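As written, the chains take the letters A, B, C and D, and residue 1 is the first residue of each chain.
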């Protein structure tokens, strides 16, 4: 019988796009706070999830990442263990407490896509780029501190969806990834059987669970952020009305669990 | 409430990777019959699916495809409506009748991946290429008939997994896509909740259903086929022991249904 | 001594990006006539090349191509012998006769880039896509005739530079590739030696030479064309003020010569 | 008149693939010393360049780079200022002193290709990947010091050409980039005019010149290295007979000059 935690199954299971958890992650992040039209944010809240206290508040997280499963053998294959990511978070509330939801999320590796789908994240492919820092001074690299300028971009279907920049000014204790502290996701698998297209096989609210979380010192500063229009994507409905601070830091975590919150498949037909 | 048939959900639903069915497909195919080690084939049969009458019999299908949902607006965006595919079929039996299963399937577009997952196909990303024909004679293009040589290749994780070639000799009524006439797929969605990793949320056998199927004249001929080794994939376990005929044809179909066969989630833990 | 017609040289010469000519080409084309600001066109005419009779007249040629050198062994490797191209032609005159120049040209294969540089074409990388036709009727494919709609797109540096569409209405004898009948190119190789940056090692006007030219029947119709802005490219200076007809056809030729017209390196410093 | 240091020329010159020098570079390097068949190395020495004292000695340099021209505006566009590189150096001698030549060099950005061609480097496209380090401990990242394991891979034409790994053991003063201290390159531009295919327009030996060179501390350790076969490339003729040490360091330099050594175009026909 074919083995594996996810498709494709195989004789040994080692071909699976998502291997058996735990999944260990580390990434360099560039994050930008922004405020979008509260109505546009509300239209993207999952069923049953309420608006945040500051209902137009959002954040964009670019990251340059490595991942391994237990044992870490994936390190030998950078094509397997590296990926770039661009994640949009919108402020929300769950059971009266601050939370966040993730309407859009782009990565450049199909194994990251499939891990994300299992977590309830709507991962799709995009081309994500971020300025790097280096350990030598050079005109070709920003300072890893005050005055350093970092750019980040996202393209999807051959169009530029995000163009962002952050200029570092000082260190801070207030990183925007606190938004991700209570991240509400939607696990979903559509049904294709005739007559059941409106009744997905899986449709549930879950909360992301992470352990062994670590974060480096955080640099913050001023930011610019622009979303491009596309006939193939609605990210631009969250076009920033105001851009807040930018942040640069490194983050690590391990994932091998999630918290089920509510089965949405029993309620009204979706979509 | 966010709309859509699949992730990502959005205000209008038009950002979904898989739009609401029906899905209309057309593609130029290069197919090659081959025989692999029957034990390797048996190890890839889904739970409950029996071996074929000719138990090592397999076929590889390369295709260069376009797809649209109802209304066809995707034609305006080739980045949305085009994809290349390489599908491996193994002979099987279901309820005593000839059938096929698809252990491995590679495409180059994430929307094709997500449609495939909904159908129960284990789609992952790969780089697929095929020789084309043109309507003018040229040394740069094969004849679209006797003597024409067509190549096809698959790469995955920066390695060549398949190198194939077909030289056309005559037309035939016996196309290998009859193998796909009863294609048994496995819909699967893993569980990430601690303690439930062995109990997938969705695990079911389904049979592919297609309507409005059309096929062009089929050219056939001699074929060569070689599978490359990779630490990241087990396709090479199906290394051809013998290669049969090759085929070139165009195929069209519409998909908006599938047939549920058996819920596998109730049985023994998977994998 | 290392062998080869172009870099990289090697023991046998077979690693060269551009092999020894002749080079045989065949491609499916989608072309669109348009008119840009005559001043923008004039600013792109090579030194010594005059404006065309209709000085803002331009054309864009998308193509899906295969190429081989003599003997045709490249057909066995689609990654070598296939490429997509998007070429901009501007009307010009040379020695009092109608001619064209090519300020911008995008391809998706480095061997095509290097062949182009040897021809005096300013090839750079881009992502080029075109709708295909198929030999079966399908909602997923346009008709290969009256009413068929074909799209084409170009992306560069993660931005959409061109979005185009053509709806076929009738056949014609007037294909826009007549513009390419007298195509004036600029062969150029910069100098890096200090003090000589303004004196390129090669800077010459040449005229493209092709033999064994063939063209299929030409379908024509209405067209739409839009150029996107980019900080990394100036194509949008040729933003269409008016769009003319669109064309779809197949074209084949062989190249193993070019005609030197004028050595520009002896004149005033360039740029 | 169109402006620019390199193709494509444009109204302002800012579209040029290679902007006017100086070019400032910084990169993280993973380098591996190895010994190949001395006859294979000799067959790749440029005309007039002698063998090294240790005639089979070679080194492979993987790097993850950023570049800017004077003023540094390219930092705002990671798609412009980032590239990955894999460079093969072979030991050589010039005028009786140790030197190196670079027969093969792969990058993933066309602007890097064109800068390289101007320098006399045989840059072509490849897919280059390297393990990264991060500032937080994680199973997903190697230590940036003793015991850290770093992988690097090169793919070309959908085949794996290089699979490499380095395990760091201690710091050293002996970095392999001393091989690059006297790097002899070949500037070359082929002729396409009939009858002149054997007489390139440019064919000259040059020596690389760099200023403002800086290097970080160097970690060294044990290494593994394997070259894959390909019908499209001859790198595997340098298959390592023995692999030496591996190295990891950061390197920065500025380039705006080169030293002409010898005009090869006057001698015997090439190739």
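Everything below uses one rule, namely that contacts are C-beta pairs under 8 Å (C-beta built on N, C-alpha and C of every residue); 3 or more make two chains touch, one makes a residue touch a chain.
Bear in mind that the values here come from a model prediction, so they are computed numbers and not experimental data.
Participant: Count the C-beta pairs in contact for B-C and for B-D, then report the pair with the higher count.
Facilitator: Answer to which pair has more contacts is B-C.
Participant: For the two copies subunit D and subunit A, is the contact made of the same residues on each side, with over half of the numbers shared, or of different residues?
Facilitator: Shared-number fraction above one half, so same.
Participant: Between subunit C and subunit D, what is the separation of their C-alpha centroids in Å?
Facilitator: 29
Participant: In whole angstrom, what separates the CA-based centres of subunit B and subunit C?
Facilitator: About 35 Å separates the centre of subunit B from that of subunit C.
Participant: Using the average of all C-alpha atoms in each chain as its centre, how far is it in Å between subunit B and subunit D?
Facilitator: 40
Participant: Could you check subunit C for residues that touch two or more other chains and list them?
Facilitator: 76-77, 79, 129, 153, 158, in rising order.
Participant: What residues on subunit D touch subunit C, complex-wise?
Facilitator: Touching subunit C: residues 1-15, 17-18, 20-21, 40, 43-47, 76-77, 79-80, 103-105, 110, 113-114, 117-119, 122-125, 157-158, 186-194, 197, 201-202, 231-234, 237, 255-260, 270-271 of subunit D.
Participant: Could you list, by residue number, the parts of subunit D that touch subunit A in their complex?
Facilitator: 24-28, 64-68, 70, 72, 75-79, 81-82, 129-132, 134-142, 149, 151-153, 165, 214-216, 250-252, 254
Participant: Can you list the residues on subunit C that touch subunit A in the complex?
Facilitator: Against subunit A, subunit C makes touches at 127, 129, 153, 155, 158-160.
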